[in-house]
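The letters A, B, C, D and E name the chains in turn, as written, and every chain counts its residues from 1.
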Amino acid sequence: MGSQIFSAILVIIVGVGGCVAYFWGANKLLDLAFPSRGVAGRAAIDNLRRQGIVRPWLFVGPALLILTVYLIYPVVDTLRLSFMDRAGQNFVGLANYQWAVGDREFRTSILNNFLWLAVVPAACTFLGLIIAVLTDKIWWGNIAKSLVFMPLAISFVGASVIWKFIYEYRAEGQTQIGILNAFIQYLGGTPQVWISIPFWNNFFLMVILIWIQTGFAMVILSSALRGIPEETIEAAVIDGANPFQIFWRIMVPQIWGTIAVVWTTITILVLKVFDIVLTMTNGQWNSQVLANLMFDWMFRGGGDFGRGAAIAVVIMLAVVPIMIWNIRQATRESGEGH
Amino acid sequence: MADLTLRDVKKSYGAVNILHGIDLDIKSGEFIVFVGPSGCGKSTLLRSIAGLEEITSGTLQIAGETVNDVPPSQRGIAMVFQSYALYPHMTVYDNMAFGMKIAKAPKAEIDRRVKQAADILQLTPYLDRLPKAMSGGQRQRVAIGRAIVRNPKVFLFDEPLSNLDAALRVATRIEIAKLKESMPQTTMIYVTHDQVEAMTLADRIVVLKDGRIEQVGTPMELYCKPGNLFVAQFIGSPAMNILPVTIERGGAPTAVRLPSGTVAHVPIATPANATGTKASFGVRPEDLRVADDAEGGALFEGTVDYIEQLGEVQLAYIDIGRQGEQLVAKMPGNAEVARGGILRLTASPGNLHLFDENGRTYAVSDRAVQAA
Amino acid sequence: ELKFKPGEDARFTWANYDDLKKVDLKGETLSIFGPWRGEDEALARSVLEYFSEATGATINYASSENYEQQIVIDTQAGSPPNIAILPQPGLIQDLASKGLLTPLDEGTANFVKENYGAGQSWVDLGTFNDKDGKAGFYGFPFKADLKSLVWYVPENFEEAGYEVPKTWEDMQKLTDQIVADGGVPWCIGLGSGGATGWPATDWVEDIMLRTQTPEVYDQWTKNEIKFNDPAVVNALTIFADIATNDKYVDGGKAAVAATDFRDSPKGLFAVPPKCYLHRQASFISSFFPEGTELGEDADFFYLPAYASKPELGTPVLGGGTLFTITKDSKAARAFIDYLKMPLAHEIWMAQSGFLTPLKTVNKDAYANDALKRQGDILVDATTFRFDGSDLMPGKIGAGAFWTGMIDLVGGKSPEAVGTDIQKSWDGIK
Amino acid sequence: MANTRGKSFIGRFGVHIAVLIFVAIWTIPTLGILVTSLRDKDQITVSGWWTALTSSTQTVAGRLPGASAQVERDGTFVIEGNIFESGSGQVGAFGTRVQAPTQYAAGETAELNDGVTMQLNEDGSFVLTSPQAFEGDRGQRVYYSVLQPPSFTTENYNTVLFSEGIGRSFLNSLTVTVPATVIPILIAAFAAYALAWMRFPGRALLIAAIIGLLVVPLQMSLIPLLKLYNGVGAFFGVPAKTYLGIWLAHTGFGLPFAIYLLRSYIAGLPREIMESARIDGASDFEIFVKIVLPLSFPVLASFAIFQFLWVWNDLLVAMVFLGSGSDQLVLTGKLNALLGSRGGDWEILATSAFVTIIVPLIVFFSLQRYFVRGLLAGSVKGG
Amino acid sequence: MADLTLRDVKKSYGAVNILHGIDLDIKSGEFIVFVGPSGCGKSTLLRSIAGLEEITSGTLQIAGETVNDVPPSQRGIAMVFQSYALYPHMTVYDNMAFGMKIAKAPKAEIDRRVKQAADILQLTPYLDRLPKAMSGGQRQRVAIGRAIVRNPKVFLFDEPLSNLDAALRVATRIEIAKLKESMPQTTMIYVTHDQVEAMTLADRIVVLKDGRIEQVGTPMELYCKPGNLFVAQFIGSPAMNILPVTIERGGAPTAVRLPSGTVAHVPIATPANATGTKASFGVRPEDLRVADDAEGGALFEGTVDYIEQLGEVQLAYIDIGRQGEQLVAKMPGNAEVARGGILRLTASPGNLHLFDENGRTYAVSDRAVQAA
């Protein structure tokens, strides 16, 4: 055990150290190549300018390289595959896309995805924000936060077990082991098979994701909330604003950028989510979503890389509006601020 | 309507005590100015009155009601923050209108009041800007505007004019004075470092030091009858000259021996047992004048070390002792004094001050009070 | 260390072990991806250990909930394990047609044909088309499941005075009898998370085998007869008549799709019993309450055939895992050879949850009587057919078919369900 | 700063109550799994987890001793004993047929076939009499309703926590997770700083691209990347599946979010601070290390929490890019292997969920303190 | 060593032009003060010199080298920001030491210099505090300390004393003056709103208005010979009294008709063709005195509207016309003036100012320059 711990620590040190060494070393090297300290006048200034040209690339370099290898290359490969047949060997043109347009399941998925996109990011962000704000004010806030955070730390498999025990259905009159139906039965209602009620089952699945991701929104937003200058809140208090007004008109606008980040991230996550659908319904009862459909064609029984890739491309295209919106946001902020 | 009463108000940040028991009565409609060295607790006191800081002990009453735990919004106050505390995401207009919008004032009324304030503060061209695109002074004006747009019972100003240029400062100062006059029932509490502001605006000045009140009084009281050495030196600019002396003979007048050896007779009564004790002798730079040859002994004689020319007046820094004792004298701008020259200075006896070993002023009963 | 000490127990064919020792694979590593986790993994490893012990090869066995996905990824990316164990012929066909599998040694097919009960069925099962459409024997069947079983609690039967039915018609009568006595005959649970619906496909397949000839069954799995063919619709209808009859199933038809298949047998053991009959494959006994003694507290009978169709005999539906070579090596081939030895089967037989159609094994090695009886059903089957949904293309057998079953128990008409599935099938042709 | 700005009673407790409600809703499912993980395997699917917390009346089946326990008394054969092994319990009613399990009240005597009688008392003691000798080893079944106290077991935790090799896989997980958390933070923070505060051509394009890359589905990347790994591994004659490989993979997958999140935060820092450092002669590197990094702790901490979580809970990437030998199998893989092949082991799942949650929670708690309020307070006046 | 030359420096934020072509030569070792109304572009100009703002056009040279695109760190400057810009996560000590640490100065040296600066600024007790636990004035002092700890060629101060109390202000002002004296080669550029600071510290004052330079000159030049109406009113506090007049007769001296009807003879030469034109007549409050009855006609006569008592002096606001024209006169603190009383005022002819229709000063060639 001891040697294992030792080697684990060694491996960790090598990994992290290597990374630190790069940044430190590359920067040092640049300073050596174009010295600015101890060099007189013009030369120093020229060197500084050269440093200024090179340094941003030293900073973004590793990120760029990794992004290219780990994301851009697969994207290109996916694009290529989407024009290929099931084995990814022969070019078939737009056939996969044509198929998708005609496929009933695909269309259901698109509709469901819209539903998810409309509900989940908004709900998570909103709830996360509320919880972040409320817990900030109380002494046991950190405990409350970690309880809300907990679902995030539970793996998807764990989460699906949890929710199985919430939505579990037993016929009317029997002992319910799902708490939701137990509750309904306690109130005198009829137990429902929640996950099989078409259309509404989407919402029952969304609840799971909301339950998980609210913690995410909460963590990020609460760190942003703490960055709000206290004085602006004090000023608002003096201006007579009540807590709601302070929240909506002083706090929210000041962390608007972060809210956008959270919203975007969850939106994108929703586009990619499939674990929940997979484990709860696997898309049955009309609850299919794009990511699960893609996964289906790719790996599970479908075995059709072309179609899988085509769906992936559709998912990736869906992000374009979000991208544009974010770029606007980013340029506006740098236009004013820089 | 809005009397303020502070009784033994204390405030500490953790173990550090900032306010050590403040007792203060402010009458409705008074204009009170807090002065004191940087870090003495002025902002803290103001924030405590506003309700932004919970006081550690003591009671705070507004209009007869204890407000220790009344939220700020219920205290009927407006405040200008030393650090502006503008809402970064709102335009100047919205910054100023916010309080009234919250109060659900009619739109037209809001507009009128904001425009009016903007006019006074010369902010009209900037109403659509965000704070970050404004200069320091402009931001400060927005902060003032925000307070005056509302119509509170108590105004709290924390160094509201520190970043304004002289002209604007005078103009704004006068606007504040007018504002005060137009609402005689409104209490104003004002923190400043500017002597002129303090002197011109205040009904009463509160001098703070290290979280304690040193003296409370009208401007002229503080100027003419400083209660102690600290107040004497703090009020007036440049500060009063203070010299260590020995009391040659207590009584009225008192004879003191100056460092130069001269014995001066000060028309201040000291107890007889003060004879022989150390004391501090004070004279304001503006009360010093060049001794006529006609007059007998000058009080001081020294070499001019340095001259600051301020236009209308000049300040002469005069070395008068072997131990580097220095006096500042304010002279007319056109008086002929040269660096290195020798000056003989005197002052009318009524303008001399004397403080005991602990810095307390000796009773001034016998002393001719100057006409205000 | 080995589970049973070589040479000590006469139930085992130790001669095999000595043969195995002659193969020298020292320094070789054999990587295996398989479906077994948990207790099953321990059992599987006990079989593997004899191989590594005797030959000196190192075996790396791995599994996970998404190991199938991993096999696709790994084979596709070029770092496959040596051997992949897959329960879905559909997936193997996929890999084979992409040229990612290595054919087994010549003669292996023959071996299976001769030594396995219903040998040809197994050979057909392991035969797939490669990239060029050429058929080859890729999948070595090892470990079988018997699906045509109905589970019951003998004492409950006894107390209620019920008899084990010998024919489908008897079973139907028993069903009505139970209803008349105020009980509920069946527990059916189709829930299985991402695979919800599959237990119903077994029902339909079993009914197909009992209403149609094996040839029709084969055509069906190859879609040579349509999914909405009357023969299929008939089977769907028979199943629907049971599963959607509120009186027949525990919890009513709404509960059928909602109940997890792992939970559904528990109804048998409730007090009072929620149901008396449960049709499920042999593996289900591991989901019985702890301490349940097979043969005593719970027992099974063969899902009876129609007395009205004697010509169909006693068909048996089964499943099993196929071992394929995804990266060729000497050790991999030696390992497949090891699987041909009775010893490899006997070790697992002597523990639990293992059936084999291999006729050369010592049947006494079965750990208990129940297993042995199941083994007998398997070996004695006049017709053995592999799980049809597993034979169909994944998108159907592990997709549209499941969804169709959900729809069916949800109240959709059998014809419509058949048509839907057929549509999906057309979509992937 | 001012915490209690003297709120009204409702104002003060409203927040507490609201938070309490939120927390309750959020915790109920988790609590469910916690209780489940402490329950007996067979109980899980029989009754609701919330009932496990209180005593409940249940109808169960028991079996009386077989013929070997009989004694002959006055010509009748008697079997006596107590159905409660632990000797305590309370029988409400009993029955001899499963179809009518509560036919007789406790203490009554039931008539069975062939003159056999049975009496079951409230305390669980029973008397079975028969004119003929009993036969067979399997005794008479008896059904009875019983008030069952809450019963919990730590067996599931024993199974999980003391399974073989768990320590090793825990270490492996840490070995994967720590660098896979730290490396992307470093790389992303540098890039985010450059994108926020440095000027270079293509900056806007890069920001756009990063948002776009957020959406790339992980599943699509696996095959091409593994191909690449295999290629590189073959080229250098090294194994394709190494720790380095998985760190980089996690880094790659986490990077877009990291850069996106960090950039938006870093861009919001007051520019005067940066300017002031620049005037103090600090280079970009120094500004980054000495000013930006410390001031970005809150966001770095949030990202660290998430990245840690994702990596810690990941199984797929680890299975694909890291081998599954004992020196590489991660904790999730190990726990996954404990599950049966058909995955019905909810007690194990529930327990694993709780076992794996602990480390992320520790991380969360320890990083919480970096969520400092007013980190920037006192730096600039204005805004 | 560190001359600064600005040639047609322009700066705009987007479409808004802030600096409209600034031309300025600053000699090495000079102490230059920028003054001007809030928002006129002082900070912007300072930031451009520092290199924090890229100038839109023009050239900026330091020590003869064009530094338009030299990064701030290479310009050899230190700067005190109007908004402090402290490092919030560093203690006061570290805030001050940061620059030197970056420059890799020896630890002992850093310590010495930081301690020394803290001493000067009375920050020693706070060295371990974070900025957020400091008062406004303390923060400002840290910002100053940070600049003086380093040893730059050019110092840039943006309103460094605005939040300090009077005493500390004087002390710090003198420290800055001394600092300047101890490094005669160092150029200092200083933005302030405080007249006294500007007058006492500056070698030359630059008056800015709306992004343009109005006048550059020594303090006395600006005070005595303001180049135009704006400067005349901007320099001096309270501001110069300005009255609209008509030139009765151009020439030297010039006869002007005051609003009151009085004709005054101003010893200033005006062209003959100025006769009949409108002009502005200016006189500083401190140059006004009560007319002796002996002297002939007083220049002004009016009713005292309001009196501000500043202690040593008092300001009398006097209504002198029907149109509400008002004059301010500075009188000795003990002069007996009463609100509502009538005052007759005069000034010596040498202290009168005259500006043409466009606000430009009429040549003062003939005028007796007052002794500085």
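Operating definition for what follows: a contact is a pair of C-beta atoms (placed from the backbone, for glycine too) under 8 Å apart; a residue touches a chain by one contact, two chains touch by 3 or more.
Values in this document were obtained by computation on a predicted structure and should not be read as measured data.
Q: Going chain by chain, each one touching the next, work out the least steps from chain A to chain D.
A: 1
Q: Counting C-beta pairs in contact, pick out the pair of chains that comes out on top.
A: A-D
Q: With chain centres defined as mean CA positions, report which chain is farthest from chain D.
A: Ranked by distance of C-alpha centres from chain D, the top chain is E.
Q: If I average the Cα coordinates per chain and compare with the overall Cα mean, which chain comes out closest?
A: If one averages C-alpha positions chain by chain, the most central is A.
Q: Name the chain whose C-alpha centroid is farthest from the C-alpha centroid of chain B.
A: C
Q: So, what's the distance in Å between the C-alpha centres of chain D and chain C?
A: Distance between chain centres: 32 Å.
Q: Go ahead and note the Å separation of the Cα centroids belonging to chain B and chain D.
A: Chain B and chain D have C-alpha centres separated by 64 Å.
Q: What is the distance in Å between the mean C-alpha positions of chain B and chain E?
A: Distance between chain centres: 22 Å.
Q: Roughly how far is chain D from chain E, centre to centre by C-alpha average, rounded to an integer in Å?
A: 68
Q: Using the touch definition from the top, which residues of chain D touch two or more other chains?
A: Correct list: 1-3, 5, 45-46, 223-225, 283, 315, 336, 374-377, 381-383.
Q: Residues touching two or more other chains, restricted to chain A: which are they?
A: Only 36, 157, 164, 229, 232, 234, 237, 298-299, 337 qualify.
Q: Where in chain E do residues touch at least two different other chains?
A: 71, 73, 83, 133-134, 136
Q: Would you pull the chain A residues touching chain E in the complex into a rising list?
A: My answer: residues 36, 41-42, 44-45, 48-49, 52.
Q: Okay, in this complex, where on chain E does chain B touch?
A: 13, 35-39, 42-44, 82-83, 133-138, 140-141, 158-159, 162-170, 193-196, 199-200, 219-220, 223-224, 233-239, 284, 286, 308-312, 315, 330, 333-334, 336, 370-372
Q: Which residues, counting only chain D, touch chain A once they are in their complex?
A: Residues 1-3, 5, 11, 15-16, 18-19, 22-23, 26-30, 32-33, 36, 44-50, 167-168, 171-172, 174-175, 178-179, 182-183, 186-188, 190-191, 193-196, 198-200, 203-204, 206-221, 223-225, 228, 243-244, 247-249, 251-253, 255-257, 259-261, 263-265, 267-268, 271, 283-285, 288, 298-299, 301-302, 305-306, 309, 313, 315, 332, 336, 346, 349-350, 352-353, 356-357, 360-361, 364-365, 368, 371-377, 383.
Q: In their complex, what parts of chain C are in touch with chain D?
A: The contact residues of chain C facing chain D are 35-41, 60, 62-67, 69-70, 73-74, 76-79, 155-156, 159-160, 181-183, 193, 260, 262-263, 266, 269-273, 283, 286-287, 289-290, 296.
Q: Quick check: in the complex, which residue numbers of chain D touch chain E?
A: Contacts found on chain D: 270, 272-273, 275-283, 286, 290-291, 294-295, 374-382.
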